[in-house]
Structure formats: C-alpha cells, structure tokens
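Order as written gives the chain letters A, B, C and D; numbering starts at 1 within each chain.
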C-alpha cells in the first residue's frame, strides 16, 4: 500500500479476535458461573465487532475505487504449512464482498444477540446459547474474511459445527437432535465435495505455484483468481469423464457451497434446522451461514467464469431450487418452515444470479451480492418477527395464530414491511435487488431463467402474504393466540432496526461498491419493463393470497388443495425427499453396507484369526495324538526319522 | 545418566516404588503413580525445551538432509561383539510421541483413580508398560528398540486379563498373540537389516547409510511394515483391537489405543520407510490400498456397533488407517500427517476411552441403546465427549483436522513412484470417511447423551469428579491447542521427516510416471 | 561245491553282511518283540553287531592299531550295563503291572491323574 | 590337573556312597550339602582351569574353551538340580507320599551321570565318546525310574528301550564312519572321508543318536512320557543336563567330524530344526500335565538351539552356549516351582496352579518371569539368547527359518501364558493358603530367576563366552 492504512485495517485481526476471545472467555469462565452475564458479555462483544466492521468498511471504502476496488490482505500469519507453496495463512482479506459480508454478519449477529437476550430469557442453557452464538459469529467472520480457500474450509466446518450445536440447542428434544444431526451430516457430505475440490485446486495450484516460484501460495484466493493462473488452470484439459479439470474442481467446490446454501438436492436439512431457537434460524439459517455457498461462488467467481460450464450448473440448480422451494413453501403450515423454504428459494435466486453472470455480463454478480445484502435484513426480520410471534403464541403452527395485528403492533408492522420487501414491492429493499437479478438474467440472455425468476417472485409474494394474513389477520384461533401480547422492548429494538434496514437497504448505491470488473453502465438504473413485470408478479401474488387468506382461515385454499389432489400431497410432503434420504441412509447404507461390514469383520476377518488359533490347537492335538504310549511305535518313528535324516542329508546337501 | 534415560527410568522407578508400597495403601499407590507421571510430564516439557533449543537452529539444514539427526544422544556399548548398543536419542517425531505418551499416562493414572482391586499390581504394570513405550520412542538401536517394544506389549496381557471385562482372557490372548506375531515379522526384518547391511550394527542412524539390495528390500519392507502394521491396526490384522479395547480397563484402553497403536505407525515410518526406501516404493501402493480399506472399513464398522468401546475401537481402526495411509503415501505431507494423526488420535482416543470408562463407572453399561439423555446429568462428560467426537470427525480447531488434511493432501499429491490416478482415486475413497465418521460419531453420541433421559436411574448420577475433570480437561486442551496452533507440532516434526523424504527421492531409480 | 565254499576265506563283505543282518534283526526285534526281555535281547544283537563292525573294520581297514577291538570290548561291557539297568527296571515294573508286555505300558498319558 | 573337575565329581560320588553307608538317617540330609560342595568345588576348579587347553591320554581326553564351558554348564545344572531335589529327598515339605527314597544313591547316580557328561565334553575319539555317552545316559534310566511306582518305572522302561535303540544306531553309525576312515579320532575322521551314500548313512545314524539326546523331532517321542513319569527333579535334570549333553554330542558330530563338510548339512538341519520347534510348540499347546507340557516346551527349545549350527562356528558356538546357559537357569527356575508345588500338593496339572499369585505372589512372580524367559520376552535373557540364535540363522540366509522360529516363539507365548493366566487371572480356590517355601528352594529360585534376568541385561556373560569360544577350532578344522 502506498498510503498508510487506517487503524481498523492495520488491526484487521481484531475482527476475528474479538468474537473468538469473547467465545473463549464466555464459554470457559463466565458461562458456568454467571449465565446472565455471559449473555451480556457475548452481546457486547458482537456489538464491538460490528462497530469494528463498520470502521473497517468505512476505511476501506475511503480508499476509493474508481478503477475497481483493490483486494488487500492487511493481516495474516502462517498457520499451517503443508509444504512450500502450500501453506495456509490465517488472515483477513478485505475486498468489497468481504466487507459487505462483515457488515451484514456483524449487524445481524449483534441484533440477534440483543434479541436473544429477551427471547432466551429464563432458558436453562442461556450461557451455552450465547457461547455458541459467539462461536458462530467468529466462525462466520473467519469464513468471510478468509484470504485462502483452506481458511474458508476451516471456517466452513466451524460454522457447520456451531450451527449443529445451535440447532440441537434443545438437546432433550429428539426432533431437535435429529435435525442437528441431519444438518451436520448433509452439509458434511457436501463438504466432502468441497474438500475434494480443494484437493484438486490445491494440487494443480501447487504445480502452477511451484513453477512460478516466489512466495505464491496455491490456496490463496488472490493466487487462484490471478488471470494468468486461471489461464493455466483452464488449459489443464480433461479430468474425469471428460469433464475439464477446472470445471470438475469447481463443481466439487460448488457441491460444498450447495450443501451449505441448501441447494437442491442437498436442501433437506434446512427446513429441519428450524428446530433450533428462532433467533438462531434468523442468524444462521437465513441471513449468514446459508449464504456462505453464495459467497463461496462469488469469491471464486473469476474461476467459475473461466470455466463457464460450472457456472451454468450453478445457474440451473439455483433456478430450479428457487422454484422448487417456493412451491413447497406455499403448502407448509409451520411459520418457520415456510420461512425456511422461502430462504431456500431466495438462495436459489442469488445462486442463479451468479450463474447467469459472466465476464461479459457481470451484472448478475452485483445483483446476487445485492440480494444477499438485502435478503439478510428482511429475512432476519421475518424470522425474528416470527420468533416474536412464536414467543407469544407458543406454537409454530400458523393455523394456531391469527388476529395478532392488534395485539402485537410492532411485530406486525415490521413483519409486514419485511413481507413487502421480500415480495419485491417498491420502495422496499427486495424490489431493487430482485429487479437487478431479473435484469441480469434477461440481460445475459437466460430468458428461461428470467421467466422462472419472475414466477418465483410471484410465488414468493403469495406464500409470504399467506403466512402474513393467516398469522396477523382474522381472529385468534387458539387460547394462546388470543392472550398473546407484544414482546419485550429488547426484542422489538432489533425488529425495528431491521425494518429500517429492509426499507433503506435498497437505496444503497450497491453497484458502486460491489461489481465485477471495472464496467459501469448496466449496473445502474432500473429497467422500467423489468421492474414493472417484477412488481406485477409481486402484486399478483399478494392479491391472490389476500383473496384466499384475508380472514386467516384455510377454507378457500382448501378447495384448491383438494382440486390439486395428489399433486398437492406431493408438494406438501416436500416431494418425499426426506423419505428418499432416509431410505438411502438407513436401508441402503446402514443395512446393506455398514451391517455387512461389521458382520464380515466379526465373522470372516476375526473368524480367520480364530480359525488360525483353532487350527493350531487341532495340529497340536494331532501331534500329541501320535503320542500313543506305545514305545515300539516311538521306536519306529525313530528309525523312520533316521531314514528321513539320511535322505535329507544326502539329497539336500548344498 | 542423560535426560533421555531419565525419561525411561522415571516410570520404572515409579513402578518399583509402587511395588514396594504395601498393597493395602491404595491411596498411596495412586499418589505415587500420579506424582511419578506428573514429574515425568514436567521432565518431558523440559526435554522438549532442550530439544527445541538444539533442533531449531538446524531445521533449515535438514531440508536437504538424507540422514536423520539425533539430539541428546546417549550411546553406551552393550553387546559389543554384536554391535548392540544402548543408544537413545530424540528427534522431532519421537519427541512428539513422548509428549503424547506422557500426557496419556498422566491422564490415564487420573482416570484410573477408582481402581481398587489389586491396585498395586495394576499401577505397577501400567508403569512398566509405559516404560517400554518411552523406550521404544527414544531408542535408536534396533535391538534395544525391539526389546522395549515387547516390554510395552506384554504387560497388556495381564492388564486386560486381570482387570478387564467381558471375554477378557480371550481378548487379552488374542491381542497379545497377534501383536507378537507382528513382532515375529519384525525380528525377521531387523535381523535381515542387521546382516544384509554388513555393518555389524543395529544403530538405526548407521544402518541408514547402508544400501540394501533391492531384492532384500522387496521382502523386508512388507515384513517390517506389516509387523508394525499389526500394532497399527492395519487391515486385516486389526481384529485384536476391537476385542482388546472392549475388554480392557479404562487406562489400559487409553494407553493402548492412545499410545501403543502409535508404535505401529512410528515404526513403519522410522524403520520401514526410512531404511528401505526401495521397498517402500514397490509396496507403497499395496499398503495404500490396505489402509484405504482400513479407513472406510473401520468407519463403516463403527456405525452399527452397540458397545461404546467397540464403537471407539472401530473408529480407532479407521483413524489408525490414516496414519498408515499417510506413511504409505511416501511424501512429506503424508508422513507429516501420519505423525500428526498419531498424536491427534492418541489424545483423542485416550479421551474417548477415559470418558467411556467414566460413563461406564456411573451407568454400569456401555451399550449405546441402553443409554440416553446423559448430557442432562453429566454435562461435563457430554461436552468432552462431543469435543472428542468433533475432533475425530476432523473438525478444524482440533488436531484431527490438521492431521487429516495433511494425509489427504499427501495421498492426493501422490509420489513419483506410484500411479497418480490410482493414488488419487484411493484418496478420494478415503476422504469419504469424513462423512461416514460424522454419521457414526453423531449417531452414537446423540443416542447416548442427547434426547430425553431414558432410564430414571440416570437422574441420580453425578457429573465428573475433580480428578476426572483434570484428566479429561488436559486431553481436551491438548486437542484444542494442537488444533488451534498446529505450527507448534509441525515445526517440531517437519525437520525430522525431511530426511525420510529425501532418502526416498535420492535412492534408486525413479520408476516412470509423472 | 561244499569244498569250494569251504576254501573261500570270508572277506569283509561277508562279515559286513553278517553285521548288517544282525543289526537288522536287532532293530526288528526291538520294534516288534512284545516282551521287554526279548527286546533287551534284541538290543544285545544290535549292539553286538555294532561291536563286530569295529572288529571287522579294524582288521580290514586299519590293521595297524587295535582301536576297533578295544572298542568292541567296551561295547560288550556297556551293553551288559545297559541290560542290567533295563532288567532292574523291568523287574520293578513287573511288580506293579504283573506283566512286561511293552504294548501295555501306556499308562502315562496327559489325562493320567498323576500325583 | 585338566581332569580335576571330573575327578572331584567322581570323588564326591564315592564319598557320598561311603557317607550314606555310615551316616544315620538323621545325618543324611547333610548328604545334599556334601554333594553341593563337591559340585561347587568342581565349578571352582573349572573356573580356575578354564582358559587352559590340553590333552591327556594321547589325545583321547582333551580340553578346550568349549569343553570347559560345557563342563561348567553341566556342573551348574547338576548343582542346581541337587539344590532343587533336596527338599523332596529329605521329605522336608509336602505329603509324605511324594518323597523319594535312597537319597544317597540318588546323588551318587546323578554325580556319575554328571561326570559322564563332563567326560563326553572332552572325548576326542570314538571309544571315549561312546563310553562317556553311555555314562551320561544309563544313569538317567535309573533316575527316571527312581520313584519305583508304576508311572516312574514305566518311564524308565521307555527310556531304556528307546535309549538302547538310539545307542545301537549311534554305535553302528560310528562303526561305519570308522570303516570309511580307518580313524578313531573325531577330527581325523572327517578329514579322511569323502561324502558318499555310506558316509551319509553313518552320519544319519550318528545324528539320530544325537537327536535322541537332544529330543529332536522325530526322535523326541520318549520325552513326553519320560518327563511326565519321572520324578520332578529328575525331569528338571533331564530337561537341562541331558539336553546339554546332547548339544555337546552334536558339537562333536557336526563340528569335529563333519566340520570339513560344513555347508552340506545346513538345509537338512534347518528342516529338522523347523520340525522340532513346530511340533514341540504345537503339541505343548494342548497339554494339561505341566511336566508333559514342559517336555514339549523343552523339545521346541532344542529346535531353537539348532539354529546356531547354521552359521559359522565362530558365531554359532557362543550363541548356543549362551543360550544353553540361559535355558538351564530359566528352565530350572520353572522346574523349581513345579517341584515345589507338586511336592506340596501332589498336583501336576496346569490348572492346579490357579490363583498362585494370590497365595504365593513371589513364587508366582518367579514362575512368570521364568516362563516369559522361555518364551523369549525381553528384557529377559531368554530373549537375548534367542535373538542371537535367530541372528545366526538370518546371517546364513535362512530368513524363512527365522520367520518360522519367531512365529513359533509367539505360539510358545500362548501356552506359557496359559500358565500365567492360571496363576494370575484365575482366582484361587477357596481355602488355598500360602504354601511354605524352604530356604533351599528360595535360594535356588532366587539364583535361577536373577540369573535369567541378569544374563540378558549385563553383556559380560555373553561377551565372555564369545571371547573364549568364537575362535574355537579355527585353524584346525575350518
């Protein structure tokens, strides 16, 4: 750097250190003695990191960026040295998207921490909860600031683990335990792909790096996305099944991203993950961790764009997931599950936005990050709002709510804002980002995807309005719902802040900050046609929902459901994917692989050992059977032995 | 007497002190053992510091060295006419193993605090066993090495036979005999090395200067590798391990899985690969295949186990597979990973067995289906168990990840002597274990610790006592320290691995490919 | 014919044939006689055939010294000692078993409850 | 002077004979002490004379380093056996029925036998060899039948018959070689002969005789029953001294006579070694009677011993002598416990030893150490000795044999552990209490166990053997 970096950039390590040490201190020392204090300290720490992240963002943005934003790694140290050119430097990368994510993560995280102070009040594992939440924040920050792919993998696993702990927070509840296991194992399976991708990238990266010499490190993003290196990568030629090696590696890496971002068909864990406390869902399973996959693709976007094919796969899977999840979301009754499917759908949105981007049409890249940004706020808001409702009604079932509009005014208002935001209605944040995505899809010539996107926009508006109406409108449908009252202020403050952000976020001149390449032009402005189409879809969806659910009852929609018959059941049962997975794991892997292996080990391999022991005994018995006691038999052996000796001496002499 | 001799002698003296304590005074016996092992831990720390002072300045020069460099060497002629010496030394690999052992025996003594039956014999045997282990790690004369090797293995028979549970005599006998069969192969290999070298010495550092004919290496390498492999649970010679571990008392399982199984990987690296590079090149792939089977087979085998100890034992088979896999990969990362995995698995599995013992001491069952919801009544143990589990599935932040990532990279990067495609395929197959491991670890632990408390009696159970907390706490801390600061260990061992790698590259002709 | 044979002096071949025959008969006896005393007799045959060997070789191979003949004398003495010890044992055994049939001397087995 | 040790032993034997006549029954326990002192004096004489070499009787009796070592080993074995026998002969411990009678003659016969073995070590021609061999054998028949009950005499009968058969074969073989060479002197014989069918026939017959004494398979079959039937101290003596004599005999046959043909008989010997150790070991697995069990164990040990013949004498001789020493002390330690226990309880089955570690922990410890020594577990001398033997086979290129031997060691560990298991793992029977250990037994056990540990740890003993015998026969035959 030619000029002096500011305080935040010079001390970038603090972004990781603050939550990490707070995690250690809270987890090891404060939690066992003073759980209350643990919560407060944890929250303060996250607020501190949020403040630091803002400072860092401001400093970074002030570095200016008219000819593209520089990527800098202001702090790093060698953590794990595999061999030369293959060392992992733990550090902090600072570029627009990492700054963006830092801001989003710390913001949402600190709000969720604050909210949780109220929401989790009186829970037995209060301290434990905040410990994990802190760990998660640390891991997530480590993920977004990773300057190399291995640090990202490390953080990736850590967020997985903290997510596991938080989903299974109610560890005495079997369903929570199951959900946590499922989340961990499914994402772990995806991570296998990530790991293999890393291995391939690392291997060929190492070849390239060692040719280049110097201090090039094969795992560094700056190295991997270096145009020269990328050129060498794409020249590697075919790997497995004729797929070019680069594409193969990227697809494997993408598999990891797809797992974390719950892309079809690895989506099954996310809805179940709603077993965790609601603020956790807001933080991890809506705003931050699940976008890690998107972030990963964005981080490696130049490589993906070089490959092309890999990006197409990203696009199609993203598009499919967005429709698929949106359809399911229309039929679910659990408020959090609807939100979960909605998250899936929106993640699909971000993914295909990235997928349609390319070197020539990089708008999708910006659009995707923009949507990530806005979505984080309104989806967190939706979850926290839902949490507030659940807190009041003691149920997740939307059909057990109703009529909360008056009883919970703040929750209602903020939830409505978020619903409008996600439905893509001007001037709420979702409008801008969604519009940009659709524009990107159309602009890059993916008309099919554009159409699907439009459809999803409509569906999104529909199902979100559905839960909004059913929850807040009409009459209270249960005892709890009728006695519900507004949540404490400590939970409402985050709601309000997020609501403000859900409105304001769209007006951020996003394309200025996050863009791929130096290209301006298409980044700006709103295409009126697309905006109209998107808004129309949203309005249609809302309208349709109003028609069906404005009184908060299921009667009218039931007619349609019955009309659809089997199709409806199929959707409502999530296309039976859980059952399919259960079948594969339990019936096939456990019964047909694991059990036979255990059997084989006990009976064949161990049997072999026992057999050798047994045959030794048999041989021993046989030998001692010759010991008949007949002295003349012994004599015969003796003479026979002498003959044998004669022959062996005579014949075998060297 | 030098520092290293003290490292070997301290546990032995402690054992003697235990023997001369009246059998009734079990508390004394335990305190003596604890003080002895605690002192050993301090001594180990001091030795590490001394070693590091000596080794650090040379780390750079080792990058190209072809011969290992011993520090703190002690060399006394023994059976002079046969070139047998009392030769102790330490390099990074053995140093890390000594640290591991010292930690495990210290925590093992703590974990055995509840042993009352024939406590005197128990602790004495335990300490004798550990004496052997330290001897193996520190001796560089193959005769001495072998001697300590068997001293380390044999007390196991009595320890399992007397204090074990279940079919203990069967397990103890099987374990002892299988391991001794392994050492039978070792004897053949060692004597071969001794005579074929024509140097009339068992000095490992000297033998490395000999060039062994390829025809000799061709059979000696597998003999030695398998000989050590039996102890390292190499498939299909691993079946002593599940039964042995299941039957053994807590501290013995800890030591056995935690330390003794490491002798296998250690020896395979130190003796087989280092001295017989040509053989290693010929047989590398063969053992890669076997260890790949190990890795997957162990983890699949663990899925359906009902007994917690069998469960852990199969997981050990899988993890020890990583050790030998790394060794067989024949490159820097693989071998480094192998040593790291030895350390990591040692601590991890020590932790597991300690915890199982503690849980068993309370619930009086080790059957997974009979337990449930124990996290509610024994949160400390549950958390430690989960940390161990996370470490075992290779979660970053714990030592398991550091090791496994090395091993995977090592396998994937391959070596110039083996078909790269096959090695990569094997590595890919091996990586699948990270998923399978997650499956069995989470399933098993969830059943035991999570969910509602299944048996009303469990409500009356207590959490860990102070000794248990110290014991498990030390192990957990070790896992975390290595996981968070892997460079501590890597710096220690890397320079010592280089000569092994360099020898591989220097010897013979490179066989095609690449 | 008979005269012709009578004029032939026996050579080493003949003597050796005799010792071989004696030895074979002795071994055969040892291996087949059921009476222990008979076995001792067979032992005598075998030992004496060995002794005779020495005498024969002394005469035909190394006539300068009398080593072989000395050996024969020792063998005779030793064979006697051997037989004496054997007889003593057999007599004692006869006291216990009322027989010296060696095929019935199979009471020492692993299962035998010795004391 | 060179014959002093033998003369001392024989003199002691005659002295004992006289004392036995004139002493009263109350005084007779001192006979053992007289015998022990005699052996002690002989040991002292041996140690004093040891480095010397020389000939007597025109070269028919000669001493050299190896002969001295054999004598020393025989004397050690004999002395220890007397120490182990005395309690039983004097009826000091145990049920009255287990004691042996006629202690005076017992020691006399044993000492004569000892003298025979010592002479054999020095024999240099066929006459002295044969005579001393028979002196080293015939008294054993008597000893085996010493108890005069049905078992003991049956053992004696089998021993006599098979011993005579072996003796006949040996004699006939000697005759053949004499005929082929015209020489009576062992060393001259080998040089004067060409290998041919008749030659090998003679060698085979000689070797069969050696095999009998050394219990090589398939010449071993007498051992199981004779060991089992004979009184325990006699079994102990048979297992060590007689085996040592067999080794000395084998040195004569294979080194002195066949020395010039070295290399011709390696493979055959390797085969017989492998047969011996394998059959011995596997048979031992299933035995229940501990003496019978020890018989097979001893057979397998002989198999290991044979490995020493595969290399050059310079390597093999010290290793075999050292192993023999180790084997003598270790095996006698085991037999010490067996004698002591069967004397006390009259029980001889392996499972009778259950719970011994609870009632007599030190004896159990001694037994365990000794058994581990036999199994070749470091750091005991059994390991070191075996390792050296294996090393010789490896040096000669017999790697497969080393592997087989090592596997056999493992198998042997299995059955030795069976005993350890009874002592340590199985609980004692209710009512079992500590058995009395006499001073003689304590002394003998302490000496043997300590020796079996020290010999492996302190290199002095091996180095001394090696220094004195490594150059054996070099220059004369090789």
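As a convention for this text, a contact is a pair of C-beta atoms (placed from the backbone, for glycine too) under 8 Å apart; a residue touches a chain by one contact, two chains touch by 3 or more.
Keep in mind that this is a model prediction, so the values were computed, not measured.
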Chain whose Cα centroid lies nearest the overall Cα centroid: B
Chain pair with more C-beta contacts, A-C versus C-D: C-D
Geometric centre distance via CA averages, chain D-chain C, whole Å: 27
Approximate Å spacing (C-alpha centroids) for the pair chain A, chain C: 96
Distance from the mean Cα position of chain C to that of chain B, given in whole angstrom: 65
Between chain B and chain A, distance of the C-alpha-averaged centres to the nearest whole Å: 36
Numbers and ranges of chain A residues touching at least 2 other chains: 624, 627, 629, 631-632, 635, 639
Overlap residues in chain D, where contacts from two or more other chains coincide: 157-158, 161, 165, 225, 286-287, 414
Chain B, residues touching no fewer than two other chains: 177
Pairs of chains in contact (touch as defined earlier), listed by label: A-B, A-C, A-D, B-D, C-D
Chain B residues within the chain A interface of the complex: 174, 177-178, 235-236, 238-240, 242-243, 297, 300-301, 303-305, 314, 332-333, 336, 373, 375-376, 390, 393-397, 401-402, 405-406, 408-409, 412-413, 427-428, 431-432, 434-435, 438-439, 442-443, 446, 449-453, 486-487, 490, 494
Chain B-touching residues of chain A, taken from the complex the two chains share: 78-83, 86, 150, 153-155, 157-158, 161, 168, 171-174, 177, 180-181, 184-185, 188-189, 191-192, 195-196, 199-200, 202-203, 206, 585, 589-590, 593-595, 597-598, 601, 605-606, 608-609, 613
Sites on chain D touched by chain C in the complex: 97-98, 125-127, 130-131, 134, 138, 141-142, 145, 148-151, 153-158, 160-161, 163-165, 167-168, 171-172, 174-176, 178-179, 182-184, 225, 228-229, 286-289, 291-292, 346-348
Contact footprint of chain D on chain B as seen in their complex: 78-82, 84, 143, 146-148, 150-151, 154, 157-158, 161-162, 168-169, 173, 176-177, 180-181, 183-185, 187-188, 191-192, 194-195, 219, 223
Touching residues on chain D, where the partner in the complex is chain A: 157-158, 161-162, 165-166, 169, 195, 197, 200-201, 203-205, 207-208, 211-212, 217-219, 221-222, 224-225, 263-268, 271-272, 279, 282-287, 296, 411, 414
